[in-house]
Amino acid sequence: MSLNTYGHLFQVTTWGESHGPALGATVDGCPPGVPLAQADIQTWLDKRKPGQNKYTTQRREADEVEILSGTFEGITTGTPIQCMIRNTDQRSKDYGDIVEKFRPGHADITYWQKYGIRDYRGGGRSSARETASRVAAGGIARAALKHIAPDVKITGYMTAMGTKDINRANFDWDQIEQNPFWTPDAQAAEDWATYLDGLRKSGSSVGAIIEVTIQNCPPGIGAPVYGKLDTDLAAAMMSVNAVKGVELGEGMNAARLTGETNADEITMGANGPKFSSNHAGGILGGISTGQDITVRFAVKPTSSILTPRKTITKSGEATEIITKGRHDPCVGIRAVPVAEAMAAAVILDHILLDRAQTGGIRGPIG
Amino acid sequence: MSLNTYGHLFQVTTWGESHGPALGATVDGCPPGVPLAQADIQTWLDKRKPGQNKYTTQRREADEVEILSGTFEGITTGTPIQCMIRNTDQRSKDYGDIVEKFRPGHADITYWQKYGIRDYRGGGRSSARETASRVAAGGIARAALKHIAPDVKITGYMTAMGTKDINRANFDWDQIEQNPFWTPDAQAAEDWATYLDGLRKSGSSVGAIIEVTIQNCPPGIGAPVYGKLDTDLAAAMMSVNAVKGVELGEGMNAARLTGETNADEITMGANGPKFSSNHAGGILGGISTGQDITVRFAVKPTSSILTPRKTITKSGEATEIITKGRHDPCVGIRAVPVAEAMAAAVILDHILLDRAQTGGIRGPIG
Amino acid sequence: MSLNTYGHLFQVTTWGESHGPALGATVDGCPPGVPLAQADIQTWLDKRKPGQNKYTTQRREADEVEILSGTFEGITTGTPIQCMIRNTDQRSKDYGDIVEKFRPGHADITYWQKYGIRDYRGGGRSSARETASRVAAGGIARAALKHIAPDVKITGYMTAMGTKDINRANFDWDQIEQNPFWTPDAQAAEDWATYLDGLRKSGSSVGAIIEVTIQNCPPGIGAPVYGKLDTDLAAAMMSVNAVKGVELGEGMNAARLTGETNADEITMGANGPKFSSNHAGGILGGISTGQDITVRFAVKPTSSILTPRKTITKSGEATEIITKGRHDPCVGIRAVPVAEAMAAAVILDHILLDRAQTGGIRGPIG
Amino acid sequence: MSLNTYGHLFQVTTWGESHGPALGATVDGCPPGVPLAQADIQTWLDKRKPGQNKYTTQRREADEVEILSGTFEGITTGTPIQCMIRNTDQRSKDYGDIVEKFRPGHADITYWQKYGIRDYRGGGRSSARETASRVAAGGIARAALKHIAPDVKITGYMTAMGTKDINRANFDWDQIEQNPFWTPDAQAAEDWATYLDGLRKSGSSVGAIIEVTIQNCPPGIGAPVYGKLDTDLAAAMMSVNAVKGVELGEGMNAARLTGETNADEITMGANGPKFSSNHAGGILGGISTGQDITVRFAVKPTSSILTPRKTITKSGEATEIITKGRHDPCVGIRAVPVAEAMAAAVILDHILLDRAQTGGIRGPIG
């Protein structure tokens, strides 16, 4: 019931603010016996880490994770795993202007109205900094998946920056790690570099679309109604700061199709059922089909920009604000490892739920 | 943790299958003292009821709800409210063909693989029939909102049928109840009637986009991260059968905007903060701003169509299937009252959560 | 989070009041493929049913359960199982005196203070009538246990009525079903009959101690801290109306022992570890040892007695009350099948939790 | 659903093992605006700290708590509060003998069977060391109670050591802080000192009974069935390591009473209803009456004793074990502050639940 927790059985509670002493994730429900060293988590944090190139915030955080519990001699014990990351580069003086003013497009005003108190030094829990905790938890989920469902492969990538979409004809899995945007389209990566340079220099920002593909998820994972695999994937992505839309398979475009086009026909393959297409995005009736699962989401542009914007102060006076400080022209870039982490947690969680209820036995076909 | 439950404090568990004896909703956490008669729920079920015009399934269900617990002399007592709806027109012989065959685009195959058992007479929990339970629960949520937050107004409507979008210039709240599609655009209603007639006659189907607007939600409802108001609204909509995409405010389009366009500027009005625009859809950092909240989702076309489709049998043999029976050419129509019900449950739930944690006190502005 | 729900994965929500139209249990998380007919539940309800002899309330309820969902052709489908029991003998006129007066020892005054509304015709959710829902849910849990852990055997019995304890030397499992008190001591059964006759005639009542033994529970079920098997068993029993104390193994007496006496020594048997004694009650560190699990609890005497008692009215005036109506001189008798039901639900739940997290694999010994 | 979490809205997840780097509590759902400095938590940890006198374990832990999140300038922000305590005196060499042997009465064998892995250096999560996390969380609960229900007073004390009960005639609240046993009976404190000296010297141990009284809890807190205030208090106490029995009010003794004796008569006082006695322990039908709430529990003697005990090794060979190391002759002593902490968390949680559902309004009497 905690509002800072996700997951049913593999349950992650993130904690910590952008300008507090530390942040982290309390992870309960991990299977015992999973090899898990600090490096297994650090590797994913390094992928998300800001300040790695000119396209992401220049806040320099070591983002070094410490495992405080739940493992013994490099193996999970089945007890809660605590991951802590110290904040080191808070440089809070950058934020002085927002003590009294609410930044438009930020959570400043709603925080204040709800809680009547706000750490004016930064975005608190609504900062993209919170996602480091998610990536740490995702590292644990990945280690557990490697142990109990080793074929599952989870890959995130960017498919649009602002109005610039990738060309699906150029899709190349091997390109994803080759450019700072985690995009599978090498041509797009070049175009985006130029585009983002311009935005960065003008102190502007832009949104993005990220897609995650989950390969080799076994069929039968999920549930028909509220516990739909789509619901939990959608909620996981929507729970990330700045996400405003989520799609499974055809997504919003499903509204545009007819029944003839949308329903994927079924044939029998050597290893079980096959489908003629994948409009469903790997999920039917909330349950995985065994096809690739695709989830997609939109990240809004950060509202921290150099153009002055109208706002008010806590005392209700009209004013303007420019958000200086260190921010991302396209915060969506860093959302890629975050999305992978969320997907890993959801898939692991549903594999555990499934083996609880069904024992992992499948209804036979053929 | 139940996979058939939604809500944190106002908690709804739906139960029942399309071809079982009954279905319903177990609703726990409703405040005591709320006037609630059978008619307060029935009125919303009547709105959803199939067979009311030629555009929805001809299955004829009375959909009469019985309140079995949780009220005394027409007032809620604070204990669980059980709403039961008997299934009366099951006509299961229509479904004989699907005993052995999996219908493409339906949950038949995934149900079978997961559970190893399937009520072949219909869609089970994945049937649109399940949504009657949601509408009943939504009726309770609306009654409770009327009692504790009477200004909140929740209105659903259809904004696209297939590729045919409404013209926002024609938006008229008063039109919504005047046509069988719950659309605010009278011109679209006419066009869609012709279009859907054609689809119905050819045994085809089409998807739709539904939008819900929540007016007069107080500011401060929601939470910054996993308990974001957007997350719970998105999950609520995604949990409905056949939904494949969900958007808050700008939704997927947020990816296309720059920070200058997207962030709504803030000014001071007579009754508190005002915003120059509402790209955020009434939510910042997961917490309501006091503006209109807009959530939008896509419903896929039903896969029950008259065109023969390739599929396999339980024994793995290739075959074809035509789904006869009584189905909706645009199942999205009936999703409108369902979406309103889900929104009502989420808003009530978060108002209760907020008064638990903060006591309902707001940080003052001005 | 529902306050009317118990269980983590096998999750039971009970609903209904003593004088409303019906009551029941919404059971989610049952494994699919479990044979479950109406009779599998009815048999346990019949055991609990009041009015079967002169020692229990003369309220005559058919207590006929109807399964409204979650099974198909006598097999569970893995979806929520709804069990409904209609109230038929409400005879509410018996309760006229309590419209304005609060019965001492009953929940009347606290209900009123909390909710500001109360169904004055009876005890509402605090009535022993609510336990019929628990017994129905327990019937489902037993059916599921039979399917996935068939050796588990759960037996409840009464060990004390008022100050009259059984003689453990007389303990005979076969006696339990041979007397109206479910006691394993035939001599006690005789004594109690005379004792209770006297109490019944004088309009008095008395408390009782009930014990449940769970045999053949596999080792490794439970968790070390808040999810301790003892915690969930204790909570399950304490959640029953009128229970005021709960013990595992030595229970309160553990306080009186020294470490030498209390710790059960371990030896190696043919089929794994054995213990020299069972002071632990089959649980160490919250996890089952494989020994018999024993849980014990005290039921207070019903406060519905014929002796006039001082109380006040809703308007605060001093008065007296005699509770007429149909009540139990020893309500603990009917608690025996209720306790078995609760134990079955907890054990099943923890078996599911264990196979979720560990896959059901055990650390080898020997 | 986390098995390491307690609470509905004020939700505490404890983490960490006896011999890992650190342990702590992740606390979510605390109201915002609560003054909370490190010292507000440290003061309770100091009370629980081992090694303060010759009657508790000589393990010397600083038990210094660090608040890592959830406060700003000494005020809670409404976001998760992370409390971390570093382990400093692990001295794990003391435990070398238990690498291969299972200690009787400890969780060693069940841990191993469940998880297949065990940190053999100590008791892991089953160590009394885990209770430091609970005390930290309790400190937060107390601070929040002080803010929103300042009259609530929670006091724990020991009422029996082994077979030596206090004399209730000697009960003096002011004595509780005057002796190392937190007992209200000065005479008992003297007797116990002698008794425990003997046990300590002989390497033995003994159990204890602890009672907690909650004064000035408002009426109307709790719920009738599974969310009974008694259920949550019982579960909270039973979840503590080594607890084997829990009682509310009359507790197990309620079984021995008649209805005439047990039901507390009601009269009208100057400030609302009064009761002639308090057999109910301040709770009727799961809901607080406004009287003192009393919860009592038994702690078993620690199984770490110097007398050799029969056991087996992981490979199943018969052997003997003496548990050296640093242990408590009466671990119940340290359970007093732990019990207070658990009670504080439960009461706060139910006050939040109540204001969520009812808005905190009470049905009027008089």
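To keep things simple, chains are lettered A, B, C and D as they appear, and every chain counts its residues starting from 1.
Operating definition for what follows: a contact is a pair of C-beta atoms (placed from the backbone, for glycine too) under 8 Å apart; a residue touches a chain by one contact, two chains touch by 3 or more.
In this text, all values refer to a predicted model and were calculated from it rather than measured experimentally.
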- [ ] Average the CA atoms of each chain to get its centre, and name the chain whose centre is farthest from that of chain A.
- [x] C
Open item on the list: Please tell me whether C-D or A-C has the greater number of C-beta pairs in contact.
Closed with: C-D
Task: Geometric centre distance via CA averages, chain C-chain B, whole Å - done: 38
TODO: Quick one: report the Å distance separating chain C from chain D, using the average Cα coordinate of each chain.
DONE: 26
Task: Gap in Å, rounded to a whole number, between the CA centres of chain C and chain A - done: 45
Task: Set of chain D residues in contact with two or more other chains - done: 1-5, 8-9, 14, 29, 32, 78-79, 114-118, 124-125, 224, 353, 358
Open item on the list: Using the touch definition from the top, list the residues of chain D that touch chain C in their complex.
Closed with: 1-6, 8-9, 14, 102, 104-107, 109-118, 123-126, 130, 160, 162-163, 199, 204-209, 219-228, 230-232, 234-235, 238-239, 241, 243-268, 273, 276, 279-281, 283-289, 298-305, 307, 309-312, 314-318, 332, 353-354, 358, 361-366
Open item on the list: Quick check on the complex: what are the chain B residues that touch chain D?
Closed with: 1, 9, 29, 31-32, 78-79, 148, 224, 352-353, 355-359
Open item on the list: Touching residues of chain B toward chain C in the complex: what are they?
Closed with: 1-5, 8-9, 11, 13-17, 20-24, 26, 28-29, 32-33, 66-70, 72, 75-82, 84, 114-119, 124-125
